[in-house]
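In this document, chain identifiers A, B, C, D, E and F correspond to the written order of the chains, with residue numbering beginning at 1 in each.
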Amino acid sequence: MPFVHVELLEGKTLEQKREMAKGITDVIVKAGGVNPDSVYVIFKDLAKTELAKAGQLIADKQ
Amino acid sequence: MPFVHVELLEGKTLEQKREMAKGITDVIVKAGGVNPDSVYVIFKDLAKTELAKAGQLIADKQ
Amino acid sequence: MPFVHVELLEGKTLEQKREMAKGITDVIVKAGGVNPDSVYVIFKDLAKTELAKAGQLIADKQ
Amino acid sequence: MPFVHVELLEGKTLEQKREMAKGITDVIVKAGGVNPDSVYVIFKDLAKTELAKAGQLIADKQ
Amino acid sequence: MPFVHVELLEGKTLEQKREMAKGITDVIVKAGGVNPDSVYVIFKDLAKTELAKAGQLIADKQ
Amino acid sequence: MPFVHVELLEGKTLEQKREMAKGITDVIVKAGGVNPDSVYVIFKDLAKTELAKAGQLIADKQ
């Protein structure tokens, strides 16, 4: 606690996720005054066939 | 916003998901009076080994 | 199963939620060929202080 | 209802998940006085590259 | 990690949640071979107006 | 998309949430190369009676 679930369109590199994990944790530690060890960040990649906006799959928008 | 997460047993076709994405969005736009562009639908397929009912994995019920 | 979690900005009436629950279920039954009894819709109201877009709380955008 | 989402580091065997599904359901039925048929347990495996603690991916901690 | 999100119809007592938290954690520790300190259980109460089954709000089924 | 769900122990001020929303969005925009307008941050406050660690409610640990 805190738990941070990040849903992203698939395609982000491991390096980008490292940067996000570190950055998000730093923000929450600084703003929330919590112990870094208590901060969990969970990434969830979404395929373009798993996400729709305005009724249309992202895969179909390309 | 609104965000709609739909958890389904895996096996639905892309066409079925297209129909669900469109239909769910239309329902929310009509009933909720929101802008279609603000409606996100996220699909999550569940394998039969990832879902249990009454204490038993669906995979073991077949 | 299927489970549908709908996150909405707070303020929708009970009647609007009834219409969404019915409509979403009908869409999933028709498109997914599933038993209506197996479809659960869960509503989650979000206050304008609980949702941020582009780094700004919706409450601060008014 | 109740719905129980269990996020686990990947690597648990099917047998372990069977035991968890049965055990969690029994606990909820006994403590909550609910019908076993109404209890759903959903497992979500997380890769070590999808979970970070204290700003570092678990994959990078080994 | 593991994170266990438990969605329940509102009305369970604190004592029932204590029993569930303890029981679920014991099950996961035993079956999953994980450290008890790493197990988080998160309860989410749902009002009968927030949950629908077969297209009907639970509140309307009584 | 991206959607960031942040579960926090209740008690954080609105100002702290503003800082987190802004900071998290900036991190994701910079690291992920996404449009700020596409980033949603959703806060979920947890009461100490809704969260358990190592089988014990946080409310009972004080």
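To be clear about the criterion, contacts are C-beta pairs under 8 Å (C-beta built on N, C-alpha and C of every residue); 3 or more make two chains touch, one makes a residue touch a chain.
Going by UniProt, the chains are A, B, C, D, E, F = 4-oxalocrotonate tautomerase.
Bear in mind the structure is a predicted one, so any value in this text is a computation, not a measurement.
Student: So if I look at the partners of chain B and the partners of chain D, which chains show up in both lists?
Tutor: Per touch definition, common to chain B and chain D: A, C.
Student: Let me spell it out: compute each chain's centre from its C-alpha atoms, then which one is farthest from chain C's centre?
Tutor: D
Student: When the centre of a chain is set as the mean of its C-alpha atoms, what distance in Å lies between chain A and chain E?
Tutor: Roughly 24 Å, centre to centre.
Student: From the C-alpha centre of chain B to that of chain C, how far is it in Å?
Tutor: 12
Student: Just the number, please: Cα centre separation of chain E and chain F in whole Å.
Tutor: Once rounded, the distance between the two centres reads 20 Å.
Student: For chain E, give me the residues that contact two or more of the other chains.
Tutor: 1, 3, 7, 24, 26, 40, 42, 46, 51, 53, in rising order.
Student: Just say which it is for the chain contacts: an open line, a closed ring, a star, complete, or other.
Tutor: Graph shape here is other: it fits none of the named patterns.
Student: Chain pairs in touch?
Tutor: Pairs satisfying the touch definition: A-B, A-D, A-E, A-F, B-C, B-D, B-F, C-D, C-E, C-F, D-E, E-F.
Student: Can you check the complex and tell me which residues of chain B touch chain D?
Tutor: 7, 46, 49-57, 59-60
Student: For chain B, which residues are in contact with chain A within the complex?
Tutor: 14, 17-18, 21-22, 24-26, 36-37, 39-45
Student: Touching residues of chain E toward chain D in the complex: what are they?
Tutor: 1-9, 12, 16, 19-20, 23-24, 26-28, 30-33, 46, 51, 53, 58
Student: Which residues of chain E touch chain A in their complex?
Tutor: Residues of chain E touching chain A: 1, 3, 40, 42.
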